[in-house]
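Multiple structures follow.
Next, two complexes with chain A in common: one pairs it with chain B, the other with chain C.
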Partner chain A sequence: MASMANQGAPERRPGIPGTPGGQPRGRGLSMRTRQLFWVWGFLALPVLFYGVIRFYPTLNAFWLSLTDWDLMSEPEFIGIDNYTRMFSDPEFWKVFRNTFTYLIVGTPISLVLSFLIAFALDRIRFGHTFLRALYFLPYITTASAMAWVWRWFYQPAPIGFINDLLGRVGIPQMAFLNSTTWALPSIMVTAIWAGLGFQIIIFMAGLRAIPTTYYEAARIDGLGEASILRRITLPLLKPTTVFLVVFSSIGFLRIFDQVYNMTTNDPGGPLGSTKPLVLMIYQTAFSSYEMGYAAAQTVVLFTILLCVSLLQLWLLRER
Partner chain B sequence: MNPTASPTTSRSLAMKRIRPGRIVIWTILFIGGLLMVTPLLFMFSTSFKTAAQVYDLRLIPAAPTLDNYIRVLSDGRFLRWFLNSSFIAITVTLSNVFFDSLVGYTLAKFRFRGRYLIFIAILSTLMIPTEMLVIPWYLMSANLGWLDSYWGIMFPGMMTAFGTFLMKQFFETIPDDFLEAARIDGLNEFTIWWRVAMPLVTPALSALAIFTFLGNWTAFFWPLIVTTSQELYTLPIGLSSFAVEQAIQWEMIMTGAALATLPTLLVFLLLQRYIVRGVMLAGLKG
Partner chain C sequence: MRTQILMAGLLAGTSLVAGTAAQAVEIEYWQYVYETRVTAMDQLIDAFEAANPDITVKQVTFPYADYQTRVVAANMARKGPDVLQMFYGWTDQFVGGKVIQPLSPEVFPHDEIEAEFFPIVTAMKRGDDYYGLPTAVRSLALFYNKDLMTKAGLDPENPPKTLDEMVAAAKAMTEMDAGGNLSTAGMTLDMGGQDHQWWREVLVRQFGGEPYSADYSQVTYNDAAGAAALKFYTDLQLVEKVGQRGFMDEGQAAFRAGRAGLTIDGTFRLGSFSSIEDFEWGVTELPANAEGVRSNYASYFANGIGIGAEGEELAAAEKFLAYISSPEAMKIWLDVVGELPARRDVALTEENLADPIYAPFLKGLDYAKTTLFIDEAAQRQNAIDMANRILIDGQSVEESLAQAAEAEQAIIDKAK
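Now for the complex of A and B:
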């Protein structure tokens, strides 16, 4: 076809960084220059997108966190007042504690459960696809829809499924979502349930990736199942586990859909006992229209998430 | 993360020993699996019950009725929300499949000044949570008249760093020779990407498409903020407002929840293998 002129020209290889470009050929532009046109043509819209939709808003959020702004008047620079207000606000610390309760209790439970299920499921051949589907199904449901199903389950008897069952076997009723003690664990169960399928699938992929020769060698050496698990499976599964710990932690730190839908008559209630950081951000920004204060809360969330991600990098590097 | 070993060897190894313990494990797993789908089963069951039967714990309704579905669907709102969600999830997915792979390909297969900088810049946006961006996005949308519009719901997700990173990793595995051969044939760079490179990464593309579609289909936070009129609600937002409005009519709420969940369940039942593989792929590489 048309580009016979390019044949055998070494400088048209894309693999050489910083080559100034070959001699002009054919249509007056070197292959290298023409390729650069393509490259920047491909990247023009994406670069614009990331600049305008990601980087500018990030900087904007930092800036807004230093202002007092109700959307009506112009933003007014107030320095770190939003932060001092936040750190002396008992409601913020309550929300902070709630958020970390979701994380610290929810992550280990969901990790242990999903590992045990994945580990067992990996050894099952009969009905494997069917069983896996049962565990995976909740993951692809819509969180806001299923939050309402769970909310129904948690209602007092005779409406609520769980209390009705408890009543039939003579166990006293639980207040679940109406109790300041039990509302948060009840919502957490919903969130764990929704995320479990994903974690099981990822653990199974991690288990499959361990070469069988390791297990064979261990058996020849006479290791029992328990020591194989402890000395081979778990250490080799570490990257998967670290990924899931971080993934699950980030999920719990950003929990919103379930809390919002399960407590619509008193968002984050009762008495703020289930309110996570993201719900507080939502209310500060879009119910009270304190944009500056809400932006400061998002900066705190960003900082926490950044620490979690850096922790992951550090944990994986140390290997 | 890890290279994928062949799954068959480990499984056939496990198969050789059938012990009573295995049956116990199977039974426990089965019961656990049933517990996992209990909320779904009762959601569907209740959607076929009358208000009086809601308190009946039977899974199979005594006198199944389609009345709830007729009532929920009669005012056309659910259909509208379903179409909104479909349009938004499909558009955003197509955009991601196109742009994420274009950028991933460019970063994987070309050498140019600024390549590393652009890669790091895009990757660093993974660290920025949506929640931090919603306030600036909201202000931007208010200024540009994007509030309460399809574009307003869609624009933040049109490209993602996750997708770009995933696609870059897959394009790196394509030998340069394939692309060189196409260049010698005189194809332009766009055609080489679209016709030569893209067909070689279809597993990654389907993984990306599944992830993006599911994420947008179930998205709640940003659509909740940016929409105000019912006609523009997506299914999750619509369902949430519908449920609030129905107060304690649980059979109606369950019907709404069933309608919101049914499309993804059907797709899953049809494409289970691809979806599970896609999630594994995206989860491990991403």
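Now for the complex of A and C:
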């Protein structure tokens, strides 16, 4: 809009003195300068917003991580004490392992699943829109509402949905959220299911973007379906895949809603077996009020997110 | 001319407003959102303002989950409340963080406080100063499902009085389905609910131990008595099989749904249980041990004065605090909220002691202990983990207890 307004400006220029609200400051400036002026005028708001709401607190967190701020007294500089405490805390490493389990197991499973579903959905015509909507529905559902429904599914008998079914066919109960082994996978299933819809839609858009002429040429050349998938579909889907890998990884590294809502009685439990880094940060900051220590954990999370994103971009770069 | 009249009128108007503003003091009262508590406070404020026309009290509320953070953050910004409600367990943090100020002994004489309130009020004392006074107090009791008792052939008018009777009653009410899964728990096991308080302040003492040193600075439950108490608790699931952690998600939910015979819970649960229509329930004192030793855990939200209150605001805040800690206020609080009065003479009336629901809680108050928490959430989590290590991971009672004692001592030491 800014450029459109400016395009008309040279013609109106001689009339400026008589125009109410005309800009005398614009006189004598080149069109390019004026365009830049407008562009920055419009950009100023988001830049200011991000600067104050995002970047300033982010930078501030680095400083806070070197202090002992407890929200009640003035922060005091304590060097890297928070970091040494964190790295020598077995609880932190457990949480660290949990977070990476969510990432390393969750991301590939969710991507393979969503690709398979998108690939199949792309081929069917009957009920296509309905099925697509069905898969997308969880994505637009509030995470906490979803988590509570799954929490109910996982309960032991007599109220748990899955255990009730198992009981009816004579299979012993699964402990799910009450087991240190199965609680994390149980929550991961919920998280994967919740993100599936979005990934399917993106994959389908990617599949649709591949020109059909490639497929036709391949079939004429006598290539089998498996080869087509391997040599045409997957390589051409690479930009889509890169985007989804990064997006989904960040999602799993920041997992919180599902875990917190499914384990509210013992957040991140049992015995910390499901606790991700973000939940630990939340508890350190808003339950123990150790803001400095929480900031140090945040810096670690920030670094991990940065590294993982850069690593993935590098691994999947265009050669 | 017309403008002049208008100006004069405006001037007169503003000076009138300024005149009244100088006389009236407005103070802010903060508490968390809980419908009956807010209603009760509205009533108290109305009565207070009627008696003190020169003071207005503004009630500000926040959801419980944010409450503590809001108080602390507002205090940082020097916009804290004049009078605020706080859990007694936050006192150390609030005193250390300069959120609240000591109560003036001239306005609130110590000998009067100690003579008139239940002894647990001393949990608000640090050094020589009191930092707050409660309106109402809470204690624990054993709730029982009368219908399930009748069904199991027990006398619903004769609830268990000792731990042995409690286990026997729970056993009689426990039901399993065909697959061997618990379908009705004899007793709820929920460390995240009130069981951790029951274990700490009641069971440990009943098995001959002391949970903490007298000033709560040392953890002392890591001994044979503590182990016996923990074994008794975990055996309810592992050996007696009368309950199961996580059954129906929460102990109170299982009891509410009529799926649990017995549950230990506090006064604050009365509001929620009073709407149960499917079955009859009763409540009785926490069971004694074989030697008749009883104990209880009492807690409360106190009202304190914010550090920012000075001059006439401080005087108004003191007046208001005195009113909301008065016998009159406690009666209103009992009627509206259902929490027990913090003053002995208001609580221990014949009427209350004859009340089948209030009486067990009131009796408990007489011998109740109040744990001086450093970080209530962390110490509760520690107790949850202690039980889970045994119930889920199969760790031995002694090992889990030792680990819990060490971890809790570390929490306490860190705060020093």
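Note that the second predicted complex is superposed on the first by the 271 of 319 C-alpha atoms of A that agree within 3 Å, B and C clash if a C-alpha of one lies under 4 Å from a C-alpha of the other, contacts with A are read in each partner's own complex, and residues count from 1 in each chain.
Note that a contact is a pair of C-beta atoms (placed from the backbone, for glycine too) under 8 Å apart; a residue touches a chain by one contact, two chains touch by 3 or more.
Remember, predicted model here, so these are calculated numbers, not experimental data.
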First, second, both or neither for A:215, with chain B first and chain C second: first
Touching partner for A:177 - first (chain B), second (chain C), both, neither: second
Winner by number of chain A residues touched, once chain B and chain C are compared: B
First, second, both or neither for A:108, with chain B first and chain C second: neither
Partner chain in contact with A:136 - chain B first, chain C second, else both or neither: first
First, second, both or neither for A:270, with chain B first and chain C second: second
Which superposed partner A:224 touches (first chain B, second chain C, both, neither): neither
Contacts of A:286 with chain B and chain C, given as first, second, both or neither: both
Overlap of chain C and chain B interfaces on chain A (superposed complexes): 155, 158-159, 286
Residues on chain C engaged by chain A in the complex (per definition of touch): 69, 72-73, 75-76, 93, 96-99, 177, 179, 181-183, 190, 192, 244-250, 259, 375, 377-378, 381, 384-385, 388-389, 392-393
Chain C-touching residues of chain A, taken from the complex the two chains share: 70-73, 151, 155-159, 163, 167, 170, 172-173, 175, 177-180, 265-266, 269-272, 283, 286-289
Contact footprint of chain B on chain A as seen in their complex: 1-3, 6-7, 12-18, 35-36, 38-39, 42-43, 45-47, 49-50, 53-58, 60-61, 64, 117, 120-127, 129, 131-146, 148-150, 152-153, 155, 158-159, 161, 164-165, 193, 196-198, 201-202, 204-212, 215-216, 236, 239-240, 243, 254, 256-257, 260-261, 264, 278, 281-282, 285-286, 291, 294-295, 298-299, 301-302, 305-306, 309
Residues on chain B engaged by chain A in the complex (per definition of touch): 1-5, 7, 9-11, 13-15, 22, 25-26, 28-30, 32-34, 36-37, 39-40, 42-43, 46, 54-55, 57, 99, 102-103, 105-106, 109-113, 118, 121-122, 125, 127-129, 131-140, 155-156, 158-159, 164, 176, 180, 183-186, 188-190, 193, 214, 217-218, 220-221, 224-225, 235-237, 239-240, 243-244, 248, 250, 253-254, 256-257, 260-261, 264-265, 268, 272, 275-276, 279-280, 283-284
